[in-house]
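Just so it is clear, A, B, C and D label the chains in written order, and each chain counts residues from 1 on its own.
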């Protein structure tokens, strides 16, 4: 959730959305590379931001981003869920290789968010479902089967329930348990109802202030933690104002197919820049208490499904002994 | 949730909204009576529909409706919650008197909805928190303290999880346990994000097909159950299309203060009838999978708070021995 | 749980235990037949009680009983759990055939017990995990894939939370939904800590007053329901006094290997009849508040595991389209 | 839970039990002081261990111990629960004064244990219900109402689910958040079924290896944390062997009233030392898988009630602004 000063800008937690907005006119941006491929209902986009200029242009930190889009993911199709987990695992493995994280590097998984707020419970639910192995390496070194690495996992809570910044807690745990890599899982706010619970983003940039849908002001980054931090995020909520603003876009596109003068139908709103229009919508809705963050009615099921996909995918990606083609056999 | 053929109409589960839409132009409708009073942040509206004509005009069954509106109810103010519960109890008591339900009449509370879908869990949560006394009357007749009546409570589940229409289950239980009155609690879809988790409606019309946000096709009415049925409903979800449509209204009102020509800004949409415009919005959003039912991010807390208010209010209203001024002392 | 007058007798909810106690001396009891077979860590016992005399001797109603004993079932071995579910399904199918329940007969599964009391939550948890299909047959007759039968499922709650006898609720639902067979799932009290969460009993006798660990006084039998009722029970709790009494037995057996005079060690208690000794233990413990029903510390996990086994087994046994060799693929 | 080498000794987590065993014969132990008072169904015992000799004799660390015994606490009496919380608050306040913890000292509450194992969930449940205020002091220094102190709270999980020793996590969080005092809440194993969920112990000795019912090997003490640590513990489980052993005691006492020769009835067991007999019982039960840790059937309710008492008591004791006579008004 954007809590920063530019909260009326069309800010997004997803690099893919930022990229698409910036490149909307077809402009080529140096230092910004995107490739994507489709696989039977799943679209994978790989975005690399390699220069400060590109970073500034699209408002995302330099780094590597993977976005997995599965429009049908809300349909309770367990076969599709297994395919997404398998694909997630394969892309995550490649990501680890690119970052030179070896097969024995120890990993701490940090599930951000609040157990008691369903759309914010993604992180804690992933933590509950991943295989934890670090204690076996600590207590019985040399006796752990080959194909596993030390993995630990914590759900530190949120500022409102602990009284301590999540970043502080994570840092304290990293100091003591000394992992080689942190993986932080977080629920995000989306720019589009369509992406809510259908998109997974992986980024090697860590978690930065103002991201995520809770009060987690202090970042989880290589600078604060001293070890690399991969962030996994899933949009689970959207502002009512964003829904309204998107509807204008959709109506604009809808009418454009029928008439050249969409302004006739949509008035001045039609001509406005997206950011300007969103600001207007927010200004109208906000004072009336109408600009809530909302989530789909079926959020309980959606969160559980995606948490399982990510947990299964991580188990397969982190442990060579876990079969990437049968990811769901290893969790409950 | 409207599942009927007229799903594009501006249908609402709330008699108050239906009344306000029908009377928007200031028209007086014979057979339709409304009074209301305010009490420190709470607005109570009493609507009576006494003629078939009035019923048809506003699209609601003849009967008595009480609406309790508490715009600040989502703010976790426990003192306000207690006041709402107390006021609910007093109005509910008057309602029982009007219906000639005596102090010893036995009551079955039916909590409609699905435990596992948070915005649909209102009914089951109320059932979990009400005082149940019927078994004491059955097992130890004559030994129950004065000031109590026989109250039973069930949460029958939803069609998708039981395979049986909820109305059938309720009827079977009524046949066997023979209450004098049924009170059915249900989550509703709202026409306005503003009303979600801030409004409670009480009606002596029972529950009718197409109401509520689940699959509960068979009604709970005096006709099907053989005893009167009071329905208590709370809007907990809203369609994305409704949010968009409301935003148009708000923008129209906003600009009207500044200019006489709001059509200049909002185009053709400005001149459309509300129903017509909603249909247009739905037609654009639906095929893109954007017309989901959504609920506020904080739904877990909101549902728990309102379920407690209703349970506390019912306990005080149904048992004379429970002090109406200290409603929350009797539940956990 | 025994709530009847003979509560100091060595009563048990398991026919197998009753059989073994009655046959302890090697006596042959006419009208009582027992066979059993072992399969890799699972023991299946089939007991038929065919005469009133046999019924009276062992204190169990005439009927067929299957007991599945899996001493290692508390060890979280998912491969073993799958094998138990598969074996359960095969035995349950044979049981249905013996009772002449055809492949299209409709079934109502009734999960007895209380969601909020973990050791009593077995029934509701099974209900949550079984495949429910009846509504498809009702709403789209002729369009359901072959290999399925109409199955419905309810968790009616317990007397203390509903105010209505569970048997009354079940009867009302049977009256309305008209199944051909009822399957009732219930948690039991055991005579032995060893059997807690390791034993599953299937019986065609229905549920009788005084069974199960809650207040469910009215039975669920062919007499009350009008259709046959198969009971599935799992011991989940044991009385502290039973633990103590069993310990005496174990100590007796232990010392018997070392000495001919176990009375020397165990005193007068050694010579007592089991029932007499249990009564003594209860008389000592009860007034001190020490004769609680207890359950293993890990009950949350145990209940979940067994509920999954039974749900998986029922899905495979009730629907031909569900593969008996891969039972867990159909539930979540 | 005793995991150390002396596991067959009559070890107890409660100083009161250790004191009573050591002083059974009426021996006076120098350096060991005990006083107690009763208040309408509540017994408060204050034990001070001031010398290494006394510490060694009763097997407890030097320090101050308060034990609150409420035999009727399992009876769902909310009025009694409120009185216990109020008394807890008053004793805890005195304890803080004795330790020179001032009214502005910052406090970190650490809820040990596992959410998913009901008898081990006490710590996390207390954490969920205490008032957390530290972030207000951090974010809006100078604006917090008088009468509050900075309180933070975490539930770090258990070794089996995090892969990291709980002590390490706690230390890391203390390093970063720098509280003046740590309060650690933990579920304990009891020597007596009677004490399960009826006794609360407060001690200024911190948590030591081998205490509590989970894998929390590293201690939480002033030595490891650098700040004082007050431990609050509640027995929630008991070994089956302990139940058996206690039953022997009770039977011994029972028969002693009737006869001078209890050995006649109880055999050699009667003459054994308690520790010796417990060892024997364990040796017989253990190989048969009968020496489980067990908990009362109603554990869900008991844990919730005691967690509320402790949370209410801590809120009143830690914040002067919270009224000690109306403790339950501040939590939900």
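The working rule: a contact is a pair of C-beta atoms (placed from the backbone, for glycine too) under 8 Å apart; a residue touches a chain by one contact, two chains touch by 3 or more.
To keep track of the chains, here are their UniProt names: A, B, C, D = Germination protease.
Values in this document were obtained by computation on a predicted structure and should not be read as measured data.
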Chain labels contacting chain A (Germination protease) and also chain D (Germination protease): none
Chain located farthest away, centre of chain C (Germination protease) as origin (C-alpha): A
Distance between chain centroids, defined by C-alpha means - chain B (Germination protease), chain D (Germination protease) (Å): 46
Whole-Å gap separating chain A (Germination protease) and chain C (Germination protease), where each centre is the average of the chain's CA atoms: 46
Chain centre separation (chain A (Germination protease), chain B (Germination protease); CA means) in Å: 36
Chain D (Germination protease), residues touching no fewer than two other chains: 116
Topology of the chain contact graph, where touching chains are joined (line, ring, star, complete, other): ring
Each pair of chains that touches, named by its two labels: A-B, A-D, B-C, C-D
Partner chain C (Germination protease), residues of chain D (Germination protease) touching it in the complex: 71, 116-120, 193-194, 213, 237-238, 240-241, 243-244, 246-247, 250-251, 254, 263-270, 280-281, 284-285, 288-290, 292-301
In the complex with chain A (Germination protease), residue positions of chain D (Germination protease) that touch it: 116, 128, 132-135, 138, 150-157, 159-165, 168-169, 171-177
